[in-house]
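Structures are listed in the sections that come next.
Common to both upcoming complexes is chain A, partnered first by chain B, then by chain C.
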Partner chain A sequence: MRDNTTTHGKKRLVKSFFNAEHIKAWLYLSPALLFLLLFTYYPMVQVLWDSFFHRPYGADKELFVGFDNYSRLLNDENFITAVKNNFIYAIGTVIPSIVIGFGFALCLTQSSRFKNCIRSLLFFPTLVPLVAAAALWMFIYFPGIGLLDYYLAKLGIQSTDWLGSPDNALYSLMMLTIWKNAGFYMLFFIAGLQGIGEEYYEAASLEGAGWWQKLRYVTLPLLGPTSAFVFVIALIHVFTHVDHVIVMTLGGPMGSTNLVLYYIYQNAHEFNDLAKATTATVLSVMVLLAISFFSIRTMERGIHYES
Partner chain B sequence: MASIAFKQIYKSYGNISVIKGIDLEIKDGELVVFIGPSGCGKSTMLRLLAGLEEEDSGSMYIGDSLVNSIAPKDRNIAMIFQNYALYPHMTVAENIGFGLKLRGMNKKNRIRAVDETASLLGLEHLLTKQPRQLSGGQRQRVAMGRAIIRNPKVFLMDEPLSNLDAKLRNQMRIEIKKLQRRLKTTTIFVTHDQIEAMTLADRIVVLNDGKVQQVGAPSKLYSSPVNKFVAGFLGSPSINFIHARRTGDNELTLPDGQCVLLPVDQAQILSDLREVEIGIRPEQIDIVKSRQTTMEENTITWSSSVSLIESLGSEKLVYSYHGEHEVAVKTTNSNGAVEGSNIQLSFSMNNAHLFALNDGRCLSPLAGIAQKGSI
Partner chain C sequence: MNLKKYIGAAVFFVLISTVAIVWSAPFLWMITASFRPHTFGGLDMASLWPNFVPTIDNYRMAWESTEFVLYYINTIIIVIGILAVQLVTITLAAYAFARLDFPFRTFLFYLFLLQLMIVPPILIVPNLKTMVTLGLYDTLIGVMAPYFASAFGTFLLRQTFKSIPRDFEDAAVIDGCSWFQVLRYVLIPLAKPALIAFSIVSVVAHWNEYLWPLMVTDSPGKRTLTIGLASFTRGAEGASEWGLIAAGTMLVMLPLMLLFFAFQKQFINSFMFSGIK
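What follows is the complex of A and B.
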């Protein structure tokens, strides 16, 4: 009986695959699909393939080297530094910018003309291209006469080499990133907060909840799906944006601001070690895939909060 | 448990005045139903008492204490919202026990209290479920559970049954009434459904346009409404209104030229009003065989054509047209009326109410039932 229905189902599936409606659907899909295959999936496969080949200096053709590129990469101190930096950079930007964005959102959820103004001001850094923002922050960080040192001097604090010292540079870049992204995340949180029905708060008030308890037991859990979404966006930002590194520090001083994407760029275009660049790309694509897989799962889990 | 008093409450949103001077006292343990058309301010009254809105002026008492400036969480009120406002991320048990948790009750006592409440409401087997897994009636019960577990002084229920289907609504209505009887907690129940109001209430408060129209036991409001609004709002089908002109001291003339004579003392109440409306309940009208020859002075008889008949089982609703007027009759004896036929309707002015045409106030408790019906 069961078998019967499945074969029946299979036949129906095959039939429906070729029916007019389906063909039409595929036709409609084909342009987008074509470009997706051409520019996303094909390069991904190609890169994976390439990561197993290497053309040593002077050789005239590529040789299959198995996992040799991977072991070369993992033994490259610069790569390890880049991964470490990226890790610090991720933790040090994702969490603060989300917390700050959430804090802004909490203060600015109710609409009023004043709050709308503040919201636009806070959102503004998101609209500035990263390259321009980096150039702007160069002035802020300029030792001695930059905006930051100028004001710190008024407080009696000595001038600091914000970008030139290996101890400070990465943190200076992180400040810029937080400044740039917090307003963006704020927007998601505002949308999320506005989606929480007023009656949940009213019920909580009558049940005896104060401000903190409402935040703890109502707002935070109901914002779960929004937070997961913002978290993933923030992580992706961390791996995909290096404009500021290029503009401000070129990965230095002493590799202290080298991030994985910049490492890939350097190997591909400066050191001409395409095999290493390719292999590092494969690894970071895998991390990004893992993140998006994780994100879709969490977001699906969040859906049943509605209704 | 506590009594409730509203004294000269005013509330407006922007420059739109919503509550326009409400005075109302509710006794300890009473179940009072607020009824009125949509937008008349029923929810606003509950929200004011709960502290979710702030009144412009006036004072509110729960028991002996003035609550105007007390925070909602300290008023010891439980409210059931129209859409229940159950927390989707909490289980049934967590939803019910939420208030106790916020008040810092320890876990052991809390679990015991939740179990007790759940068994009172028949929710034992659902405690680990989440609200989205429940039916409408079950969600309603969970909302009730969250309200009663804290043993609050007052229950406020804002149209709690309106999201349920008809059968479940009847069942929950009965449960709410039984529960209220048992807990004896002062309750305000808001509805726009007059059947709910009539069946649940110890007393009904009819609201319209931000003002109390009338307060009283259901049967009292039904039998002696103070104005046209109350008369028209309660009763299904609605009371029939017939316009009449004063053509003599104690004589009224209907649009079709019929005259009725009023007793002298009732005519006095009319004073110098020239136009009135006669209100007659559908069940006070009879369908008679033929025009009766021995007509009493104060009986009105009409011939009219039947447009629709609805059967309610033992009773029938007969809608007919008398000229432009649609008249509804509720009767057990339809005397062979069929749709499209001509019938004779008859009612006694003894059962009718008179309303002033200008302001709708009730002029006379003409009806005999009005006198014996007051509770």
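What follows is the complex of A and C.
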């Protein structure tokens, strides 16, 4: 980085906004900034503002209602269910997919023709549209004749109502998510593992460390930044992808697969309750902001690390 | 000792292959089912074994039952449109962040990074309102616009520009190059790997996108492949229609699938240093 500010600091400060370099910088930034303003910063402010207004059914004007929308939202059983579901969905997908991705990476770190081929196969689900994955998994879960029941029957296991029962549906969606993302997270762990110098393992071997001890005391601590980075991406994923809910279950049966973003979509798109959708958006943005606040450094380091 | 090593390698080989096959089962099924004759009946629909004479009937029927051509064209326009604008905005912004000195640079940079977290799908409701106001509802531009700026691309390219020694540009400037020529003939060629990686990730992300196009378009003429596939899937009822759905799914995935198997290494490397779409 060039840093002229310290050498002739005061002079630059006086010239401040109007020197050619600054104008050039603002000019180059302006296209990106314009779109960020329109579609990221402004909507964040707009939803917050809108969440204090409500147009009752039949009224022709929006009324200021204070925190009314918030209390309406928090008293909406469907919303509470969606939050609970999202919480279960988050824990039940983030942790397993990271653990599986890490396991894959441990097996496939060294490159060879065979391992590269396996890597590609495990990674491939990441590339397909979530809608396509959902279509395939709908058949996998098809009662009786679907892929899962068909092969489980050969093992003598009776057919299960994977998507039709409120007890199973969310977990069935979670399996799809884990399948789709584990291979993606694997890539980051492979990159991380390849970055660990051989000398660490040699030193550990000299100390008489076994396989487990090397994993526990060398690999895991050195993968700290990678893991944190993967954790954050996985968490964001959980709040921003609901295509499979729309294709497979429409939030049902009995609200058991309703997730927050699906709730937002449904209220905006079907129920025409924009105030609720807006207010739920505010809460989601706040959750994501909180995650960003705690992880922006991690993200920056993470991307650094990968590149 | 040696024997133990061989057995270990063999066990590893068998285990990891099994996992990979199980992981690929949905795709194996898709391929098998899509070529299965329609009259084959429902009960053995799940069999992965191709015990039949393959037919392309499912593909023909899937192709005829929705507007695949239109959806392909729309999706291609969206993907290319987004990428073209992104490449301009991220290159300019990354150049500013990497090479120029201006007030609030760090603050602005973090403001850019915010888009890594507050990703467009979470803002569908207010953005929909904006599109209506701008008169972009139910247009392809409306589908593209929220993605025209990319924090991820800006970040990736800034890192790349920063890793290029300044001497190269200084030499070019001494030779009388304008800033645009410096960018065009020095920085961009050297940043090509990063630009390709970004392009792959961007194309994949937007080819696969569903929720936002679903929200912001209405008329059948503006729909994308994923929307077509979703309604196609939801419309199917009986087990015998699964061959059709498998073929439809295949049609939606095919372009990326072919690209992936042709440029596997490039894809894997791109996603390795990408993380955020």
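Here are some notes:
One rule holds in what follows: the second predicted complex is superposed on the first by the 283 of 307 C-alpha atoms of A that agree within 3 Å, B and C clash if a C-alpha of one lies under 4 Å from a C-alpha of the other, contacts with A are read in each partner's own complex, and residues count from 1 in each chain.
Going forward, contacts are C-beta pairs under 8 Å (C-beta built on N, C-alpha and C of every residue); 3 or more make two chains touch, one makes a residue touch a chain.
This structure is a prediction, so every number in the text was calculated from the model and none was measured.
Applying the stated clash criterion after superposition on chain A shows that chain B and chain C can sit side by side.
Touch criterion met: A:V242 reaches chain C, while chain B stays clear of it.
Shared-chain residue A:A32: touches chain C; no touch with chain B.
Contacts of A:V47 after superposition on the shared chain: chain C is touched, whereas chain B is not. When the two complexes are overlaid on their common chain A, residue A:Q213 makes contact with chain B while staying clear of chain C. In the superposition on chain A, contact of A:L155 is made with neither chain B nor chain C. In the superposition on chain A, contact is made by A:L136 with chain C only, not with chain B. In the superposed model, the vertex angle chain B-chain A-chain C (Cα centres) comes to 80 degrees (nearest 10).
After overlaying the two complexes on the shared chain, residue contacts for A:I291 are found with chain C alone; chain B is out of touch.
In the superposition on chain A, A:A59 contacts neither chain B nor chain C.
Looking at the superposed arrangement, the partner reaching more residues of chain A, out of chain B and chain C, is C. The minimum CA-CA separation between chain B and chain C in the overlaid arrangement is 9 Å, rounded to the whole angstrom.
Common to the chain B and chain C interfaces on chain A are residues 304, 306-307. Note for the complex: chain A touches chain C at residues 1-5, 16-17, 21-22, 24-26, 28-29, 31-36, 38-44, 46-47, 50, 104, 107-108, 114, 116, 118-140, 142, 145-147, 149-151, 179, 183-184, 187-188, 190-191, 229, 233, 236, 239-243, 246-247, 261, 264-265, 268-269, 274, 277-278, 281, 284-285, 288-289, 291-292, 295-296, 299-300, 302-304, 306-307. By the touch criterion given at the top, residues 197, 199-200, 202-210, 213, 217-218, 221-222, 224, 304-307 of chain A touch chain B in their complex.
On chain C, the positions that touch chain A within their shared complex are 12-13, 16-17, 19-20, 23-27, 29-30, 33, 42-43, 45-48, 88-90, 92-93, 95-97, 99-103, 105, 108, 110-130, 145-146, 148-152, 154-156, 159-160, 162, 166, 179, 194, 204, 207-211, 214-215, 225-226, 229-230, 233-234, 239, 242, 245-246, 248-249, 252-253, 256-257, 260-261, 264-265, 267-268, 271-276.
Those residues of chain B lying in contact with chain A across their complex are 50-52, 71-73, 75, 77-79, 81, 83, 85, 87-89, 98-99, 102-103, 130, 132, 146, 150.
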